[in-house]
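One structure coming up, written as structure tokens, with questions to follow.
Residue numbering begins at 1 within each chain, and the chains themselves are lettered A, B, C and D in the order written.
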Amino acid sequence: MLSSEQQKIVRNVAKKSLNKIDELLISQKLPNNGFSEGLLTQLLESLSAADSNNFTDSVGGGEREGRIVCSLVERLHLGLSHGIGRSGNIAETQPKALGSSMLNSLANSMALEVLHVLGLESCKKALILPVCTGMALTLSLLTLKQLRPSTKYVIFSRIDQKSCLKSIFAAGLIPIIVNQTPTNPGTFCELKINESNLEEAISSIKTSEILCILSTTSCFAPRVPDSLILNGTFARKNGFFHLVNNAYGLQSPSIILQLSQALNSNLIDIFVQSTDKNFQTPVGGSIISSSNKEMVIKVGKLYPGRASAIPSRDFLLTVLNLGKNGLLKMMEERNQVYAFLVEKMREFAAEIGEEIIEPEGNEISLVEECKKLGGILFTRYKVTGTRVIISNGTVTNINGIEFKNFGSHTNVSIVPYITVAAGVGMTKNEVENIVQRLRECFCDIKN
Amino acid sequence: MLSSEQQKIVRNVAKKSLNKIDELLISQKLPNNGFSEGLLTQLLESLSAADSNNFTDSVGGGEREGRIVCSLVERLHLGLSHGIGRSGNIAETQPKALGSSMLNSLANSMALEVLHVLGLESCKKALILPVCTGMALTLSLLTLKQLRPSTKYVIFSRIDQKSCLKSIFAAGLIPIIVNQTPTNPGTFCELKINESNLEEAISSIKTSEILCILSTTSCFAPRVPDSLILNGTFARKNGFFHLVNNAYGLQSPSIILQLSQALNSNLIDIFVQSTDKNFQTPVGGSIISSSNKEMVIKVGKLYPGRASAIPSRDFLLTVLNLGKNGLLKMMEERNQVYAFLVEKMREFAAEIGEEIIEPEGNEISLVEECKKLGGILFTRYKVTGTRVIISNGTVTNINGIEFKNFGSHTNVSIVPYITVAAGVGMTKNEVENIVQRLRECFCDIKN
Amino acid sequence: MLSSEQQKIVRNVAKKSLNKIDELLISQKLPNNGFSEGLLTQLLESLSAADSNNFTDSVGGGEREGRIVCSLVERLHLGLSHGIGRSGNIAETQPKALGSSMLNSLANSMALEVLHVLGLESCKKALILPVCTGMALTLSLLTLKQLRPSTKYVIFSRIDQKSCLKSIFAAGLIPIIVNQTPTNPGTFCELKINESNLEEAISSIKTSEILCILSTTSCFAPRVPDSLILNGTFARKNGFFHLVNNAYGLQSPSIILQLSQALNSNLIDIFVQSTDKNFQTPVGGSIISSSNKEMVIKVGKLYPGRASAIPSRDFLLTVLNLGKNGLLKMMEERNQVYAFLVEKMREFAAEIGEEIIEPEGNEISLVEECKKLGGILFTRYKVTGTRVIISNGTVTNINGIEFKNFGSHTNVSIVPYITVAAGVGMTKNEVENIVQRLRECFCDIKN
Amino acid sequence: MLSSEQQKIVRNVAKKSLNKIDELLISQKLPNNGFSEGLLTQLLESLSAADSNNFTDSVGGGEREGRIVCSLVERLHLGLSHGIGRSGNIAETQPKALGSSMLNSLANSMALEVLHVLGLESCKKALILPVCTGMALTLSLLTLKQLRPSTKYVIFSRIDQKSCLKSIFAAGLIPIIVNQTPTNPGTFCELKINESNLEEAISSIKTSEILCILSTTSCFAPRVPDSLILNGTFARKNGFFHLVNNAYGLQSPSIILQLSQALNSNLIDIFVQSTDKNFQTPVGGSIISSSNKEMVIKVGKLYPGRASAIPSRDFLLTVLNLGKNGLLKMMEERNQVYAFLVEKMREFAAEIGEEIIEPEGNEISLVEECKKLGGILFTRYKVTGTRVIISNGTVTNINGIEFKNFGSHTNVSIVPYITVAAGVGMTKNEVENIVQRLRECFCDIKN
């Protein structure tokens, strides 16, 4: 038997956990220190117990009562089966699923707080949608379109990822492509757009038919993050909305800085980021955010019906597990790994008589001029995620629009190159591994 | 030590599991008998091991490499972190996530087979989207809209669930409301629409601006499932698409029959159903399906970017757990529970001098005329999902359109009533419980 | 966002769980209604958090600090790695593992309460040992032997299960075998011992060298449970200890009754039962119990060092999951299934011209005279656990002692028969299945 | 859809896992590289599926059919409920639980291989018992006692851990205490025994009544590991058995060396080690081993009845997870951490004007002369596992035998000291932490 003092210690441990959970439910604030797995499990069990399908004394006579027939599925959801949202609004509370609703509310609160912690204090509201960045952009565009139903064009600072383009087409809108231009034509240099590119792009279009500018921050070098000040100012001047695709930009201090300045100057209507790319959760969610509360609320209201709770749950668990300190540490480590990647790639480039570009304001990826690397990097050397770009003038047709050199963000032909990124969660060991494999692969090709 | 014979038996058990998994991967066919939880776990572990982030010899240099930082999250996904789809197409294979892609492919194959097993043999393709019915309708509408960009109206056979209406508005389209009409005005009777209602509704609209008819099958009595033959024929005659909201219709033999006939006559372009409402999975997925393969492919191609794998995973696990036999048994049991509910509600109605309506073709819910039941059914008696409808002429404004008596599917005032549904998974015990609580609640109100 | 009222509801759910856990920690009482899986998980997480290896601010400099290197193992134990007990006493508290110690204490308290609930109110102390019945008997014998070091014999009312015999030999003691005798020699009848059998068995042995009588309650018919009154009275009269092997006897009302009477009359020193056989846990634990507290304490003190916490954990989880009501219901269902088995076996016996014996006081198993069934029942018909007993005079030598017709509990040859048991957890469906397979097997053999 | 090539890749991943499992089942060999958690899960699921209670076509009519009523318990065992062993022998196969039996067999095979890998090639058989070291010693003593029933004494090279002593008493035997003697009396020095101590200890006892010498290897300094050559030679000369308590000795290269030499010279009958202390599993298991196969087999046969499978399972999972390479690395890391601990403690000792002892052949713990540290190290500084030993002549009575200065392994009074151990799994960071806390604690006491 435990002494009464020992018994008290054990009871206090249980109470301490309850207190942490209760404090979280009240404050909806990210704790400084992360929650353990055990505490996260207790949190989920508590929320699950607050859904009516898990009540012992409740009985359901509707068409959706949270029943789960496969016990493995039930376990993988800890009995939280109701999803999030109500028919009218994805952020709304379901009376018969208060636990799931609380999970949703907590995740959205945490999303806003995380943006603040990362430096975006002017952000006023955040909403996690259980769709990825592409679909989140579509929903944002559809929301903006409801506000200006007579528009049909989106100014698109070209980025050659299909889902960005598709997000415009899916919304029933038409992109006006603004090609990136080399900063020092004829050399291996950065790619960006400037105001005259924007002016030129809309010269033949009725301003009243233009819905918004879609800017992109996080991207692969040598394209640089769009200047949100430039694009935002241009949008405001012309009366367009300004929508920002900030897919994996939360891990870059310079993108955060840009965003922060633009938000302070009220130059952005909605900015969107991925939960998986920034926070190492499984694919499936994104954060809609704005310095204008109403905009985010409108996206929530546009969303028809309920939705999966999983992306919100995974985000919530992840940031609670990290805590404020762990989150900042994770981001700081990425910065260090990025610096290490630059160093190692520069060394390797020197070895092979090439050079790297590490464009201003693009801290996520860097490129290296490299004519000869091909598909074997993936198949033989098991390096995933790097891309070799060769501008040979090929034309790609996407939903009726033609792109020359798709993948390079510009119709102008540039030298072949390879991109490498330092995404959050990468380790120095992985950097060394990649550079070593690049080296070996390069040797192979030469011989 | 085991004898060599005993050793062989153990090895064969392991091989038998592998064979079942291998057979599934090749045939993509639903087994007759369900897989055990152990076998499902082995399947998921096998698929997880085929994703590059789980390789021991792979290293990632991209911005999305499937890293998961919270181990509880990792466990709840069994390491399957890449989601489904590629930027261009949600049904496409991701080369670096072959396990997740296979899961996606299997789930879609199973979805089609399940539709066949349930009686919809003419269905030619099915696609699971990680969004609920409302959003799936929006995506279907956006897909149809891409085919006829100059249209803007949707003929809407009125059903008073907000997410149905919202699905139209979210797509940037405008509903033309066709009110349900009583079959025997002035009495407590069924509600339906007929051809003249449709004719009248579009009389003042340019046919060329009408995109489609949106029919609804599964609904709460006294509204009856739309006649898919009537609406489909009307759509074909006028050159409109015909989109069917079959949210929880797969559990109703008479809706299946209607759908089957309409599909055979090629009267439907896309029909959409919920995974959670029909198969007892957690909220989050829907099945897009058609007798026209191309239509489903187009929806898949519209979807911009990747998406959560969870709704596909949950559907796959559930139907594999049931097997063909278990699935049919589950549906058959629902039919029996429905019949039992009818019987018990009829008894109760007789007791209190009321009557029930069990409309033709609507086997999911039934109503009972009941003037006096209010909110206490949920709060005091813990009955969820039943709805008490009182037509008092209140007007509800949704996105600028006014609905009288929202909830009753018609502007015509009818007697107060309560709805009860027999959703799949309900038990006879639950039926008895509900009816008993109704009885008690009724007593309470009277006294 | 949830309303403040809704928020309060969710918080209260979490608090309600904590309250249930706190109440349990204080009262150490079995709740009437079972704990859900979620609540059990929360309990384990709370206990785990109270072990020092899971503290964030603790650091270990000893040779055993609860570290676990394999994360799958950690998960299967929820981080509870310290086991139970201290070097001096298996029931003692480990200061650095208060959570594990509390688990141990709770399990032991529950064990005692469960015995009370099942009708053994005179039992005064219970201790779960992480060893099965056989080894628990050995430990009991060793404890008794410490009290009377000069003894060396154990009077053994013959039951032909090797582990019972081995438990005596393992303790370094020698069994005096008392053969069961037919109540009606020459017929198919019950087997039991009487006082003259006992007298005769010890006639040539010095009383001062006899440690105890080892009685057995739960057994397969036609052997009947030992009369605990008879054996206990005999033991008391001669100054022997009385140890009772009650392996799976807690599920039998008539054995409970016997035990209860013998305990009330102080005729038993220690009685031992299996956790898996009585409570449907995995194999591994037993309950040592007595109406004499000191006896149980002595067994706990004999046990050298720490031990696995798993059998205690599994027992605790199981009885908490059942609750008092579930436990009684589980036992009551077994009684019904037993009656059903009797009925079905009687029918079958009549069909084949045989008879069954359902001996007085043996409600667990029954036998059927059956000459011809052999090993194919297991190999071909997949029936496990039934035993076909054929007395052909074969002699089996166990640790130097010879047994004629080992398996039949007696040297006297009796007719061949098959035994079938209705163990707790068996269903009526399983009964039907077994009888049907017996029928088919019998047909096969005849043809 | 996946291409047929991609499909083949996925299928091959599943087959590769099966092949690894099949290879393991056949060879029963420890793989060089560890199994992933996913593969371990698949292995357990395969074994579980081979137990009859998990067959779909099996039905049980015995008193123990592996039924589990609490689903959380079932999950924590993955359905493996039958335990290990049969009534006659804990190493034997249960025909109706071939999966559990295979697990048992694998664990025992791995145990032997692990001993070989760690340098004990002369070991010929190993058996995992689901009891800790203390109880395993008792079972070993009982086995030896069965071979020489007329003996009653055990020569005990004094080590002051209660469970060691209790293991002798529990077996019904009497220890002959051989006190450790200082190597340099009057100074802070090593403690050991020599041949004359042994001779003296048995001088007044009949040799024929002495069962064995019980040596201890792993222990806290300043006691040194017993010389197994010395004790073994003495045992052989006098015809005693030699039993070795090697509790956590597998992590010490010098103990391994001693064991290896003694085994090669056939000087040991049984040696026993803890699974948790050497391999970082939860508390509960030990390995019985010998260069004489028969001895280990006899212990297995002594064990009466079945037993929990968990300690075997945990050991198996852990060593498979590590693989041969991981296991050797884990041990090598411990050596480095030990060296680091010595360095840091020496620094600290110098700071406070004290010294450390790092006795010859005792690489696990070291001591530091320290008069003033008390209980606050645990309560205030949260350091667990260190022990402060103060010889003040107190006499402790254990089972009737008196020990002066219990805890110090000798009746001779020595200076106060504190012990610190570097157990496997400890990190350098933990070492720094402990030394820092010692420093702070020391400051506190001084002030």
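We take it that contacts are C-beta pairs under 8 Å (C-beta built on N, C-alpha and C of every residue); 3 or more make two chains touch, one makes a residue touch a chain.
As the structure is a computational prediction, the values presented were derived from the model and not from experiment.
Visitor: Figure out the least number of contact steps between chain B and chain C, where 1 means they touch directly.
Guide: The fewest steps needed to get from chain B to chain C is 2.
Visitor: So which chains count as neighbours of both chain A and chain B?
Guide: Common contact partners of chain A and chain B, which must touch each of the two, are absent.
Visitor: Comparing the two chain pairs, does C-D have more C-beta contacts than A-C, or is it the other way round?
Guide: Top pair by contacting C-beta pairs is C-D.
Visitor: Report the inter-chain centroid distance for chain A and chain D in whole angstrom, where each centroid is the mean of the CA atoms.
Guide: Computed value for the inter-centroid distance: 50 Å.
Visitor: Could you please state the distance in Å, as a whole number, between where the Cα atoms of chain A are centred and where those of chain C are centred?
Guide: Between these chains, centre-to-centre, one finds 57 Å.
Visitor: Could you state the distance in Å from the CA-based centre of chain C to that of chain D?
Guide: Each chain reduced to its C-alpha mean, chain C and chain D end up 29 Å apart.
Visitor: Residues of chain B touching 2+ other chains?
Guide: Residue numbers touching two or more other chains: 41, 71, 95.
Visitor: Could you please write down every pair of chains that are in touch?
Guide: So, checking each combination of chains, I get A-B, A-C, B-D, C-D as the touching pairs.
Visitor: Which residues, counting only chain A, touch chain B once they are in their complex?
Guide: Residues 37, 40-41, 52, 55, 57-73, 76-77, 80-84, 86-88, 95-96, 130-135, 137-139, 142, 145-146, 149, 161-167, 169-172, 218, 220, 247-248, 274, 276-277, 279-285, 302-311, 314, 317-318, 321-322, 330, 364-365, 378, 382-387, 420-421, 423-426, 430, 433-434, 437 of chain A touch chain B in their complex.
Visitor: Can you tell me which positions in chain C touch chain A when the two form their complex?
Guide: Touching chain A from chain C are residues 1-3, 6-7, 9-11, 13-18, 21-22, 25-26, 33, 36, 38-39, 41-42, 45-50, 54, 56, 78-79, 91, 93, 95, 98-99, 101-102, 105.
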